[in-house]
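By written order: A, B, C and D. Residues from 1 in each chain.
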Amino acid sequence: MAEETQTSQAGAQAAGAAPSAAPGDSPTVGTAASGGPRPVKIIGIVCNWCSYAGADTAGVGRFRQPANIRLVRVPCTGRVDPLFALKAFEKGADGVLISGCHPGDCHYSEGNYYARRKFELLERMIHHLGIPKERFQWTWVSASEGQRWQQVVTDFVAGVEKLGPRKGRAL
Amino acid sequence: MRIGVFVCHCGTNIAATVDVVSVAKRALGLKDVVHAEDIMYTCAEPGQAAIRKAIEDKKLDRVVVAACSPHMHEMTFRRCVDNGGLNPYLFEMANIREHCSWIHTDIPVATEKAWDLVKMAVAKARRLEPLWSNEVEVNKDVLVIGGGVAGIQAALDLADAGLKVTIVERETTIGGVMAKLDKTFPTIDCSACILTPRMVDCAQHENIDVMAYCEVDRVSGYVGNFTVDVRKKAAMVDWTKCVGCEICVQKCPAKAPDTFNVGLEPTKAIYIPFPQAVPKRAAIQVEHCRWFTQGKCRVCEKVCPADAVDYEQKEETVQKRFGAIVVATGLEVFPWEEYYHEYGSGKIKDVISGLQYERMLSASGPYGGHVHRLSNGEGPKTVVFIQCVGSRDDSVGRPYCSSVCCMYTAKQALLTKDHCGMDTEVYVFYIDIRATGKGYEEFVKRVQTEFGVKYVRGRVSKLYEEEGKVMVRGFDTLLGEQVEIAADLVVLASGIMAANGAKELAQKLSVSYDEFGFFKEGHPKLRPVETNTAGVFLAGACQAPKDIPATVAQASATASKVIGLLANDKLKTSPMIAIVGQKDCVSCWKCIDVCPFGAPERQEVRPGELKSHVIETVCQGCGVCVATCPVNCISLKGFSTDAVLDQIEEALLS
Amino acid sequence: MSRQDHIREFATAALAAGRVDYVIGWKYGYNQSEVVPAFVKDPADVDQLVWNPLCHHNLVTFLKRKMPDPLDAKIGVCVKGCDSRTLVALLQEELVDKDRIYVIGVPCDGVVDRRKLEKEFADEMIHISFSDGKVGVTTRNGETKEFDKDAVLLDVCRLCRYPNPVYADDTAGPPVAEPDRKHTAPDWTDIAEYENLSDDDKQALLEQIYATCIRCFACINVCPVCFCWDKCVNRSRQPELVSQKVGPKENLLFQMVHMFHVAGRCPSCGACDRACPVEIPLYLLHRKMNKELYDMFAFEPGVKLDEKPVLQVFDIKDQFGE
Amino acid sequence: MSLAYYPGCSLLHSSAEFDRSTRKVLAALGVEYKDVPDWTCCGSTPAHMMDHLLAQSLAARNLRQAAEVGDQLLAPCASCYQRQKNAEIEIHKSDAFRAQVNAVLDKPYTGHVIVYALPEYLMKFVGEEKIASLVKADLSQLKVVPYYGCLLGRPSELTGECDNEQPMMMDMLLEAAGVDVKWWNYKTECCGASGGMPKMEIQRRLSGKVLGQARAAGADAVVVCCPLCHVNLDLKQSQINSYLGTDYEMPILYLPQVLGLALGLSADDVMLGKNMVDPAPLIKKAVAEAARMKAEEEKKAAEKAAKAAAREAEAADAEVAAAAQVAAAAQVAAGAPEDGVAEAKS
C-alpha cells in the first residue's frame, strides 16, 4: 500500500480528531476503543543526561505533547547503534526520533560528536531505503530545554501523522 | 524469573490522568510478572515497605516501579530494593509522571501510554543482571574555581575541615564582585571590612593555596580522581619577588582601563586592583604597556625595588589532581549599553550602572567616596534609580529576576541621602519590590519613610539630556500618568548574568547549564549544590543570581557536601560500565579509538593473542565503544543491547 | 614485458629470497573461461599465475582476520587498484600486519563482467581470450563471439577512480591512465536511477530484491574489510540484532548491518556483488553509502595509510543537524 | 520586478518638495519606477480608527493597483507606508483575511506586493556603497540629526529597523552621503502629530522639545522622512517659537532633499525654496566651509610635499659629498703603497 493513500486517510483522520481534545492528545484520541486507523507509534531514543532530563523538564513544566512517543533511555547518544533505528522500523515503528546533548555539552564530552556522524549517515541511508524524511529525525535537546523538547516532539509527531501509520515492505 | 511491578499514584500527580489501578492489574498478565500493585506514594516509607515485603513474600528477583523520573528517585528505590535483600541493579523504573501524566490530559490516552512504558520497563527488567560496584582510592584535595565570596567561604570551610584546597582565580586578586561593593544591605556594614579579613585568612591558611591570575584549561577524570590543567597567565611580574609596594603603579606612564573600578577612571598599565588585594601583586596589561606596544619605557623595571618585573615571562600550565571541584565563578553585570538605547546607549555621561555607583560611593574607590556627576563634577541634587535594567525584560532576552537589584538600589538610595545630604531628591522606578530576605522589607520601608526616598511604580521609557540635566521620562502606573524628572544622576540597577566563559567551563567540566549560562544544579530542591556530574559542586551566583547571605550559605552547604564526599577513603564507582566479552573480540581496537576516557586496553590473553579489556575504574559507562564494536562483544551493564532492543520491540507490540 | 610476466618475476624472486611463504595470485580454473585464486608456495608453480581481465577476485580477502596461521606466515599478494584500497583500509586499523605482507600491485584497466558474457550464450563458455580491446569467447559447442571489452566491463570498473594500486611494494609494469581526481568528483550515475525512484517504488523494489536473499553470507565472507568471520553479529543470537527469520525486512536489515560495519572502510570494490549467488545489487547500498560519505567529508575510503575511517573519529567543527 | 511609486495626498500638495526630491534622487540613483495607476487614499489616521476591514481594504486596493506595475511599492510618506505595510502583512499572512478583503473590493487583490518606506528601500536595493560612490557635493560640514518620529521606526518587525528605540537607516544613508550626523536620543519621540490642529499647545511643546534636543545635539538642521513631522517642525516653527518664547531657526529637510544635494542636484531640483525655514543659507555655508577646509588641507599637503622635497635634495647633496670623500680616501689608500715601494727602492 502506498504512502500517498495512507497520507490521505491519516490526514482525514487527524483532521477529524484534531479539535476534540487538547492539542497534545488529538492523534491518539481514537485509540483501539473507537476504531479508526491506529495512532502512529514512535520510538524515541534519548540520552540520559540531556534529552531525557529535557523531557523531564517539559513534564515538570506541564508542556502538553502528543502521546505517540515511547522513550528508550541510553546513557549517551554515542551508545546508540544505528541499527537501533533500523530495528525499530523493522519492528513496525512509524517514526524514530533520536536526541542527545548539544555538541560541546556531552556528559562524556565526546559521545555526541561520534554520534552525529553516524546519525547523519543513518538518516541519509534511511531515506535511501524509501523511508520518508518525516519518519526519522535526530536532534539535540538540553536538560533545560523543556519547551524545545515539546516543540521537537509536537512537530515530529505532526510530520509522521501526515503520513499516517506505516506499512513497511522492506524495513 | 519473578518480577514485581509497583505502580505509583503519586497522590493525584499520576492517578488523575492515568488509571494506575488498571495498569497494575494488566501488569499481572505480563510474562514473568508474579506481583503487581498500585501504591499511593511508592517513595514514602509505606510504599518502600510494601516493596520490601513483596520481595520477601513473593521471592521477587526483579522490581519495576512505575512512578516519577529515575532522575528523581532511582537511587531511592535502589536503596529500598537493596534493603529488601535484592541486588540494587535488579531494579527498573518506568517514568509515568514527567513523561506521561504531566504532559497528557486525556485519561485513556495517558493510561495506554503508561501501560506501554510499564511493559517496556518489564521487558528491560528481564534483561537486568546483578551488578556490584567497584571501589577506587579518593584524592582528598579540592579545587575551588573562582575566588569571590562564595569560593572564599567554601575554601575556608573545607580547609578548616583539614582538606587541602586550591583556589583558582582568573583576576590578579581574589575578592570577586563583593570586593567592589561599598556597603552591604540591609545592615549597611562595610563590604570590604567583612570580606578582606577572610581574603587574608585564605592567603594565610596552611591548607589553602591561592592561585590568582590562573585559569582552568582542561579537566579530565572522575569523582575522587580529577586531573586539572591550570594555566598560569603571564603577569610579566615575578610574584615570588613582588612585594606589592605599588611604586611601579605610581611611576607607570601608561593609562589602561580599570576593570575593578568598572571603567570609571583609568588605572595604569601595570596595576594592583585595590589596596587590600590578595595576593597583593602587580601585573602588566600588555596591550596597554608602552614597552610591549611601542618598545620603549621599561620604567616599572627601573623603579621596582625587588626587581620583580620580567618582560620575558611566559604563561605556563601546571597539572594538579583533585578529588572534588567546587565551581564558584560568580557573575557579570548586564552590559546595558548594548541593549538599552532608550537609556542613551551609554553615551549620556551621568547615566551609570549600579556597580559603577558602588565604586563611586566607596571610600577606597577612584573618587574617595565623593558622589558627583561625571559630566561636571558637581554633587547631584536629584538622583534617579531605575530597577530591572536587564532583568525581567524579554525584549533584551533576560526574563529572569536578578534578585539583588531591589535591595542594592534601596541601599544605594539610602547611601545617596547619606553622602549628598537628606535634602537630595531620590527617586526609584520599580516594577515590584522583592524584599524577601531577613530584615529586607523593613529596610526598604525605612528607606522610604525615614529617608524619604520616592518610589515610583513604573518603567522609564526614555532618558535624554536637556539643559545639563538628564531628563527621565517614565510612567507612574499608580497615578496612571506620565512623569518626567530632571535628574543630575541616573543609576541603572543593571541585572546579573553568568560570568563570561561560564559556558565553556561547564563544557570542560561536562556539567549542564541553562540558556543563560547559569550552571544547572542536580535537583532544584533536593540537590541544590550538587551537579549531575559526580564530584562537581556549585556555590554562589554561578548557579543563579544570589545576594551575599544566600551565596555564603550555599558555599558552606557545598563545603559540607564535599567534606561528606571526601570523608570516604574509597568511593564506590558505578558498576554500569562496559565489559568486553573477550571470547568474541576480534581485536579490531575500534573501542580504543573511540573511548573518550582511554578505558579499553590491549590485554594479552594468551601468548601473542591480544584482546580488548576495559579498565573498570576508568570507564565512565558512556557506551560509545559498545555502539562501535562490530561484533557487539562489548556490553554496557544496565544498558545491554538486548535490553534496548527488547524495549523497542515491546513498545511496538500492541 | 607483460604485467603477467612482472607478476611471475616478482613472485619467483620473493619466494626464492624467502621473503614470503607463499604468494596469492590468480590462475585459470578448470578451463580458460574463468580465473580462480592461486596460492603459490613453490617457485616451480609460479607459471600458473596469470593476469587478464578475468582476475576480478579481491585477494585481500584472504589476508583479513588476524592473518591465517601459522601466525608468523609471510604472505605475498597481488592487488588491483580497488583491492589495494581495501588493503589500505585494513592497514589503517592494523588489522593486517604490514611487515608480514609483500604486495604486488597490478595496474588495472578494468575487469570484465563474466555474468554479462554468460547471458550472451545458451551454452557454457570454455575459453575467453583478450586482444586489443576485444574479448573473444568460445563455448563448449564451438560457438564463438567477439565483444568490445568496454561493453562487457564491470560497472564498478567503468566508474573506477583508482585503477592503479594506492599501496604496493612492487608494481607490475607502468601505471595506467587515471582520472583527474583533484578536479573531478566521483561519478555516482550508477545509482542515480534508483535514487530517483519514489519512496514507495524504492520499498517495493527492495522488498522484491531482498526476498531472494538466502543469507548464505557469501557477501560477508568475501568482503575484504569485513573481518568478524564467525563472530559476525548477523549470526549472533545474543544480542539478536537480526532475527534468524528469513524475509525481505530481516534480509535488508542483515545487509544494513554489513553496510554500517564497513562504512568508511568499504571502497566499493564490488566483491560482494560478484559473490552474491542470487545477484542482489548490493552496490545500491555501498555505493550510496560512499556517495554520502564523500558528500559529508569529501572522504574516499582506503586511500591514505595515516587516515582513520571517518566514523571512528570526529571533528568538533562537523556541521550536521541544527 | 519593477517598482511602483505611491505619492499619496501630502506629496501632491503640502509636501511637494518631498515628492520632487524623491523622484529626482531615484532618477539620480538609476532606480526605475512607475506611479501606481489610479491610486486612492491610504486611509491615513481616521480610516483604521473607524473600521479595520474597510481600512485594510482601502489600502489593499492600492496594493492591487500597484500589482499592475510590479511587486514592490514605494510609499515615501511614513503614514501611507504604515497603512499599506500593515495591510500587506495581514493580508499576506492569512488567506482567510484576503478573502474578506476581496469580498469588499471591486476587483480582488491576488498579488504579493511588498511595501517599502524610502530609507528601507534605499538601504535594501541601492545600498550605502552605491550612494557614497555617487556623491558629488561635499556636505561634511552640514551637521544634522535624523528624526524618525513614530511611524518610520516602529514596530521594528514591521519596518525592518533593527531597534525601535534606535532606528539607524536614515543615519546610515546620511553618513553614506557624507553628511555630519550627530548622535541624539530623541529620534523617535512624538512631534505632536495631528494633535497640531485640535491641541496646538501640546504639539508646540512636543515639537519644541524635538528642536531643542536637535540643537543640544549640535545639529544645524533636522532631517525627516514624514510630511506630518515636517509640518509640525517646519511650518509651525515660528508658532512654536512664539508659544515657547524660543528662537529656533532650524531648517527641517527631507531625507531625499539632503541626499539629492549630496548627489549634486541643484537647490531647485530638491525644491529648497518650499521649506518654511529657509535651508539655503545653511547649505551654502556648509558647502563653503567644506571647500575652505579642503583648500586648507591641500595647502598643508603642498607645504609638506615641498618640505619633503627639500629634505631629499639635501640628502642628495650630502651623498655627493660623501661620495667625493670616499673617492679621496681611496686615492690616499692607493697612494700609500707607492710611497712604500719608493722607500724600499731607496
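Methods note: a contact is a pair of C-beta atoms (placed from the backbone, for glycine too) under 8 Å apart; a residue touches a chain by one contact, two chains touch by 3 or more.
Remember, it's a predicted structure, so these values are computed and weren't measured experimentally.
Colleague: Sort out for me whether A-C or B-D is joined by the greater number of C-beta contact pairs.
Modeller: Top pair by contacting C-beta pairs is A-C.
Colleague: Report the inter-centroid distance (CA atoms only) between subunit A and subunit D in whole Å.
Modeller: 52
Colleague: Averaged over CA atoms, how far is the centre of subunit B from the centre of subunit D? Could you give it in whole Å?
Modeller: 48
Colleague: List the centre-to-centre spacing of subunit A and subunit C in whole Å, with centres computed as mean CA coordinates.
Modeller: The separation of the two C-alpha centroids amounts to 38 Å.
Colleague: Report, in whole Å, the distance between the mean C-alpha point of subunit B and the mean C-alpha point of subunit C.
Modeller: A distance of 55 Å separates the two centres.
Colleague: Which positions in subunit A are in touch with at least two other chains?
Modeller: 81, 87, 104, 110, 114, 118
Colleague: Subunit B: which residues touch two or more other chains?
Modeller: Expected reply: 594, 628, 641, 645.
Colleague: At least two partner chains per residue is the criterion; list those residues in subunit C.
Modeller: 241, 311-312
Colleague: What pairs of chains are touching here?
Modeller: Touching chain pairs, listed by label, are A-B, A-C, B-C, B-D.
Colleague: Name, in rising order, each residue of subunit B that touches subunit C in their complex.
Modeller: Touch list, subunit B to subunit C: 584, 586-590, 593-594, 608, 628, 630-633, 640-642, 645.
Colleague: Could you pull out which subunit D residues touch subunit B in their complex?
Modeller: Contact set of subunit D toward subunit B: 163, 165-166, 183-186, 189, 209, 212-213, 216.
Colleague: Help me check something: in the complex, which residues belonging to subunit C touch subunit A?
Modeller: Spelled out, the residues of subunit C in touch with subunit A are 195, 197-204, 206-207, 209-210, 241, 248-250, 252-253, 256-257, 259-260, 263, 285, 288-289, 292-293, 296, 310-312, 314-316, 318, 320-322.
Colleague: Under the touch definition given earlier, write down the residues of subunit B that touch subunit A in their complex.
Modeller: 69-72, 95, 97-100, 102-106, 108-110, 112-113, 116-117, 120, 506-507, 510, 512-515, 520, 532-533, 576, 594, 596-597, 620-624, 626-628, 636, 639, 641, 644-645, 647-649, 651-652, 654
Colleague: Going by the contact rule at the top, pick out the subunit A residues touching subunit B in the complex.
Modeller: 21-22, 24-25, 28-29, 31-33, 38, 41, 43, 45, 49-50, 52-53, 55-56, 58-60, 62-65, 67, 70-76, 78-81, 84, 87-88, 91-93, 101, 104-111, 114-115, 118, 142-145, 150
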